[in-house]
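So that you can tell them apart, the chains are marked A, B, C and D in the order they are listed, and the count of residues begins at 1 in each.
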């Protein structure tokens, strides 16, 4: 057996706690030995519930902690790039929660640093690639199950939050396409075989959260992306679903179509009663992708141990940002925008 | 084109009206020219809504009405056999709503009369055989889609009627197995290739309608039937579904399984809302088998015109009664009963 | 009972034959008494299989045939408008297979003529409005089931025809959006409560039929339509499905989502075998909308008899053309186009 | 945090290895410190892949290993009872893979020993109770979602193994009902609120594996169980499914019906191609219940740490055996058998 990987995690918000629990309890080969947060209560939580021994309030000391082999970043998006660079330069493997950056040039800087540390693992958390159904879809396409894929339809639709937490978050989220559709963009590229995107058109509406208007954002957005060679993608992102979280993707090819996630069953249970036949729907992406989060971290840790080669690269993250930015510009201009 | 078939219908209750509408409006090749009922209002209805010209209150005059080529019987079950015999002996084609009789010997008498009139069509309304899905299932089995079929699971489950109309009907219905499962029995024989049934065991319960106890009936019944050669069938009949009418059948073979009707979708519509994802369910067998009722009557009329050969025979009806009676005896005895 | 409607049909191609069979055999209150076609074999068919008595090779004599109350037009699209005008001016009710015209001004001319004959029924065959599932969806929306609808996603996807019949038809079809999406456009307007469309953007690709390039058409097309008040629609039309004909529509509102037609089950049959669990898929729109075709003709004939008021107006047809034309222009220009 | 539980596992066959991996890598609060097997290669595997330090070839030394808090038994069924007793008497918590015993009296002996060690956890692996869907179904029933439950239909259907491994295993498996249906029996009791079973009737067939005849076993079995108070259950067990492993359960109540597992989707992926629309099916119970196996072991370990109270008792295991034995007797006698 390869030696265990000694991991430190920075950022212990909602998603950070999930990653920490995964690393501390259920990731074979990982030892969660350090945590970093400016929030004392979060560090207390890491110590008390997961037994994490070394607690840092300061990222600089954390990133240089000599016991650490790998760093997991679940910090605010604006910090991702510089912290990833610092981790790589300190000789650590690094996992960065998505997005790497809202800015293409910044993504490219991180890529450049990573190229100078080819023996370090650098991975962005496009978690859907680790979902068994999406992984199987990709494998089926490679095996020719649908012929030549040429069209992707993909949606990320969140259950409505009546408090509209995301409205406050809107000024820094990069907008609905950068926040939600970026996953669909990455999936579309992956399923289509990474063609080059050329143009994007977006159109959206505010159905329930007027507060979004101030920062030019919408709560329901559509977008069409054109690729070299003729492939097309159409995305739908929504913050206002009544029924739950429904993330689904269709890939259409010359000999068939694959779909993932339609219906968003929470489990294998159906109820028949006076209202008809129904099933519960997933509440949020945590529920939808719980297994994928586990496999994602398994994959990262395995890569740190030298087992397996990552298919997902920093460049994938850069390209998703590039397309997402063109879509976002189109939402504002009302015109198709070049992807550049 | 063959000449049209001049049809008379006897019995204009709920199901009789459906057949009359079908014959009067939507059955190619049929002319509904006469109706028979002891109830004046029913005859008025036939005249006023369907333009039926000849109205009989008396069955004897009706059955001898010289203008008629064919007679459709939707009268009470106890009259079916004698009226069918009278129709055949009067030289008419005859369609008999199921069941032919609750009694095996009586079924066999009708069979004997029919054999003496080989040029007359005699058909019992096992409507499910005319449902496109059941017909396709049978065709798939013949084509080998599931290898050798050896087990059928089939259910007839009605939506609960809080008024419990069927409780009043129970003393003459023959019980839940003769009333509901007889369709499943016929389907099982059809799907399995008409093996000979040898034994039956039944067990039931009264979940909601205690009034059934008086006549030894139940509102939910299970039954297992054994066939020569090893095939088995298990039936479920219920009067107490909360969600609607769900008739479904599974046929299991050595190379696969076919199922018909699971889920009982009323249409192609789905609703997603705070209660999850749901579809409406069929309300009753009229809704479920509306297309089959049409095809059934099309088939009968076509046969009267000399087009097509009936696959469904009176003997099928006799065998279904024979098995249904063994099941019903078992419910009472609590022991397995021979099918004889 | 109102008197029967004496109907004549013009055009006996594939769809014309279906309408003729419907009218001749299964439409209560209709008498199919005349047919018109320049093709002798088609007239023979009408006489021999449906017993149609009066046969016209010439439309002018047909439209003035004094025995006719109503005329059903299933002729080439380019003839629809002038023939509809002729029928109305001859005092006939008229049913026009969709589209009324590929040209907005021409649609408006027919509307003007119809307004001068307010006692004549004039109806365009947007058949999907007569599908039970779509009708129920509309009723559910009116009943508030999904709150305020604001987004429609709708597709018309045909099974690939390896012979590519539609390629030959492309120069006169008006393109994929006018030919296929026009139904989705009409549904979107209906479901959203007829908001005014303002802008359209289209993007398409040729996946399998390069011959379409000559006339600027595609075999797979996407389009986004913007409406006053913020509602949006996104359409997908395809000629190249491997699995069958899948027409589906989602309507998203502030309190829920309705979907119609997803999965395109041909019947209620499922097969489980070594390949997993599967169901057959509808082959074409005839199979999908057979019940709707029947209800459509029932509705037209009932309206001719003065029973019931048509919800569907010629203006709906004009508006669908207006939007379809904007989408089609956008496909060519690559830019969003105003709907005007 | 409670101290970790030091666990030893006995039996490292296919299922034993699964449990060992779970305990060694993914069960919070568990330390897998010892293993016991007469097979040297299995012990090597435990040491090399999981780093288990203490290896026993002899059960007697293993059960007395003073470092162990808990023992997990995945040994042959015939050893379960005596080993469980030994573990309890050695002061260990004990997890016993199902079944506890094929013999009711033996089950009761283990119960008696467990009663004398009330501070020790003793749990039998009825894994389905830990499946999220089954757990939700039980919670829904308690919340009144289906009114009063009165009927259970449940199946355990394995994909056919052309090698027929289970044929060799048949003489000691207790037969198909004890091996497969015992889970369905336990679920039925749980869902119905533990009514007392009174009678059982079974009927089976050999569809594909004639070798089973020698020991009176079948490869497809049906059974009906009657309970005091009127509830009924019907079970189906099969070894010969072509499509995969489909375990499903329906619970029918006076106000609705719950179903779990119908369709046996392997994942969230659907394929549409020339064969229709299909999804893959689960291959075996490992795939179906992988999450339940994890939760089961989490629950056991948590109970050992004093967290949470087990709902599942040894008595549940005894009752399932009692019913399974009556069914098995009925298969042989051909008559209903009393549950005693």
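Rule of thumb we're sticking to: contacts are C-beta pairs under 8 Å (C-beta built on N, C-alpha and C of every residue); 3 or more make two chains touch, one makes a residue touch a chain.
Being a predicted model, the structure only gives us computed values, none of them experimental.
A.B. asks: Is the number of contacting C-beta pairs greater for A-D or for A-B?
C.D. replies: A-D
A.B. asks: Taking each chain's centre as the mean of its CA atoms, which one is farthest from the centre of subunit A?
C.D. replies: Relative to subunit A, the chain whose C-alpha centre sits farthest away is B.
A.B. asks: Averaging only over C-alpha atoms, locate the centres of subunit A and subunit C and give their separation in whole Å.
C.D. replies: 42
A.B. asks: Please tell me the distance, in whole Å, between the geometric centres of subunit A and subunit D computed from their C-alpha atoms.
C.D. replies: Centre separation, subunit A to subunit D: 37 Å.
A.B. asks: Return the distance between the CA-based centres of subunit A and subunit B, expressed in whole Å.
C.D. replies: Centre separation, subunit A to subunit B: 56 Å.
A.B. asks: Indicate the residues of subunit A shared as contacts by at least two other chains.
C.D. replies: Answer for subunit A, listing residues that touch two or more other chains: 146, 241-243, 255-257, 262, 265, 272-274, 280.
A.B. asks: Looking at the complex, which residues from subunit C come into contact with subunit D?
C.D. replies: 241-244, 246, 263-266, 272-281
A.B. asks: Which residues of subunit D touch subunit B in their complex?
C.D. replies: Listed in rising order, the residues of subunit D that touch subunit B are 146-148, 150-151, 153, 201, 203-208, 220, 222, 224, 226, 230-232, 234, 236, 238, 240-243, 252-257, 262, 334-336.
A.B. asks: Would you tell me which residues of subunit D are touching subunit A in their complex?
C.D. replies: The touching residues are 1, 25-26, 28, 48-49, 51, 131-133, 136-137, 140, 145-146, 255-262, 265, 267-274, 280.
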